[in-house]
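As written, the chain order gives the labels A, B, C and D, with residue 1 at the start of each chain.
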Amino acid sequence: MSKNRLEAFSDGVIAILITIMVLELHKPDGSSWSALRQQLPTLLAYVLSFVYIGIYWNNHHHLLATVRRVSGVSLWANQHLLFWLSLVPFITDWMSETDFAVVPVAAYGIVLLAAAVAFFLLQGTLLRVEGPDSTLATAIGRDRKGKLSPVLYVTGIALTFVDRWLGIVCYVIVALVWLVPDPRLERVLTSAGSDD
Amino acid sequence: MSKNRLEAFSDGVIAILITIMVLELHKPDGSSWSALRQQLPTLLAYVLSFVYIGIYWNNHHHLLATVRRVSGVSLWANQHLLFWLSLVPFITDWMSETDFAVVPVAAYGIVLLAAAVAFFLLQGTLLRVEGPDSTLATAIGRDRKGKLSPVLYVTGIALTFVDRWLGIVCYVIVALVWLVPDPRLERVLTSAGSDD
Amino acid sequence: MSKNRLEAFSDGVIAILITIMVLELHKPDGSSWSALRQQLPTLLAYVLSFVYIGIYWNNHHHLLATVRRVSGVSLWANQHLLFWLSLVPFITDWMSETDFAVVPVAAYGIVLLAAAVAFFLLQGTLLRVEGPDSTLATAIGRDRKGKLSPVLYVTGIALTFVDRWLGIVCYVIVALVWLVPDPRLERVLTSAGSDD
Amino acid sequence: MSKNRLEAFSDGVIAILITIMVLELHKPDGSSWSALRQQLPTLLAYVLSFVYIGIYWNNHHHLLATVRRVSGVSLWANQHLLFWLSLVPFITDWMSETDFAVVPVAAYGIVLLAAAVAFFLLQGTLLRVEGPDSTLATAIGRDRKGKLSPVLYVTGIALTFVDRWLGIVCYVIVALVWLVPDPRLERVLTSAGSDD
């Protein structure tokens, strides 16, 4: 089974998810700067989720870059990942509407955690097809970021019940970990590309 | 007529359908776990429809994989399928808003039945072009799942009037029938691919 | 300028337009068949617009099939067409919400007319690049459907003020004119394709 | 890293942005021409934003046309551009809902300015990879439009506090500057294309 349509479909879903979140941004009540400022928490939650979905698109892109064929199981592992990502706009909206209340902030972390697990499972099904000597296996390597993220999510969820802002801080840290470019991965991909 | 733009357009519509359903998920009233729990029926209806649209994307992908050219009639048969799929978010919303009342659950089954019939018609128009000795005809074979599904939908619609949960059970069974991987189909497709 | 990204972008916009209309379908008030039946006018307006946007996708597909390169002017002519198509969900909603009142039915016809004119202009900019001996010019030929449609739209808009259902009948006739397959066009395209 | 998926993803997001704005168009209150006329400011704001997003799609298309590979930094510079564009529907809605009040009109200009800066940054990251002798560097040239636009946006934002319509006029002028075709750019691109 070719990977092209899988990539196209995933791109479509992720592009829609990153965009429809803007439909949840409520118009400020009034036409003043202070009315806009009241929407700041909503805007910041939007920024965080926008960055997260951007990271997933980016990682998905890298993950499939070296893969050639996709099994039926990978197809459903991919749908499973898209399912959890599809809950991000819903949970972002709940979190910002309740002004970052404890339970919604924890639920946000749970959705992020589930998406991370889904990504890990998808990676596993692709690795099983590609084998341990594949470019993909080399590119993933020890997968330190992939293993660190769930730990930080669980920590964030737990800390939310101490202070919800500690939870948010954990989620922001995970985003930053992924945003900072990873020279190793790009090096492996570049050398794999130049082998062709 | 090339199949590429048909695939791209169908992928686009299906990606949007699977994603906009999340816009129908209402925010919980309040910021507690129990407020989230009250949204559980809505979430489960969402999961069911998400899986169904995922199945259609998957089957559509397989159906067109071996096809080379598409006739004008197939194009409209494809639009007809997309039409019924486009009603899934609407009917899912009605079903979950009415807490799975009898008529909406039956109407949900009718939309699923109509989509299955539309898929069958699309398959027929493609088969007419490809011929009985084509890879497509071999891949479809006796089409046991395709013939079983409408029977189960009709059973589900009928049983809904006895007990609406029996209807839901039928729809879940059809989803599971399609979710379980079908080794025969993949075998045929793989061997067809390796012939190239 | 390559036509691929233009096709991809147009497909994206048209796929979204055909799909978001379903967001305007209001849930029936209640959970009975009669509650669903009250939504019938809305559903029929949805069907008509779904078919119209499907026709535009189909024609757009055919129009660009034989074109190789796209000028800057064609790009904006294409955006102009997408603009009018983007008003279809809005005007469909208005028409069905007002139970097919006179002015909204006329306005619906005006949007359809503007889209037809925009399609005609786009066709013109493409023809200017391709030349009178191109496959495109042969495929379009005398463009009887393209010339008949605006006449029928104007008739429909005028007749709406006599009886709004006469307007709807005109719009349905135009849709049927396009839906019925056109053997000449397919013949030309097929023979052009087999020349490659 | 290949540019194809970046183009596809950006096309997806931009297609969705240009389309979902129509969801913000409110139905006229009533079924008369005057009810429709009351929606005229909303419609004009929609037209302006539709044209702006069309311009960005067009420029994005040109920008990436001559580029071969995309760095990790360009990927995030692209996400950054998409972020600001994603706020256009939100800010358009605020502006039209408040009947073009001073602060929303200024905020609209700020979002346009931020998008222009993001485009400039994206262009810079691409130029760094391509080098000063690349087709891209030649195509961009002195980038007069790109340098004029931010100046006009800042002027527009400032003039909004004198008279909000002066701000709108400035934004319309920028749109016209980009809409008028630029023969130099097309010439360079055409000659680059014929070198292949």
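Just so it is clear, a contact is a pair of C-beta atoms (placed from the backbone, for glycine too) under 8 Å apart; a residue touches a chain by one contact, two chains touch by 3 or more.
Note that the structure is predicted; figures quoted are calculated from it, not measured.
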Copies subunit A and subunit B - rotation angle from C-alpha fit, nearest 5 degrees
90
Report same or different for the subunit C and subunit D interface, where same means the shared residue numbers exceed half of all residue numbers found there.
different
Which integer distance in Å separates the CA centroid of subunit B from that of subunit C?
26
Counting only Cα atoms for the centres, state how far subunit B is from subunit D in Å.
37
When you check subunit A against every other chain, which residues touch at least two of them?
8, 12, 16, 20, 23
Using the touch rule from the top, collect the residues of subunit B that touch subunit A in their complex.
7-8, 11-12, 14-16, 18-20, 22-23, 25, 27-28, 30-33, 35-36, 47, 50-51, 54, 57-58, 61, 65, 179, 181, 186, 189
Sort out for me which residues of subunit B touch subunit C in the complex.
1-2, 5, 8-9, 12-13, 16-17, 20, 23, 72-73, 75-76, 79, 82-83, 86-87, 89-90, 93-94, 97-98, 101-104, 107
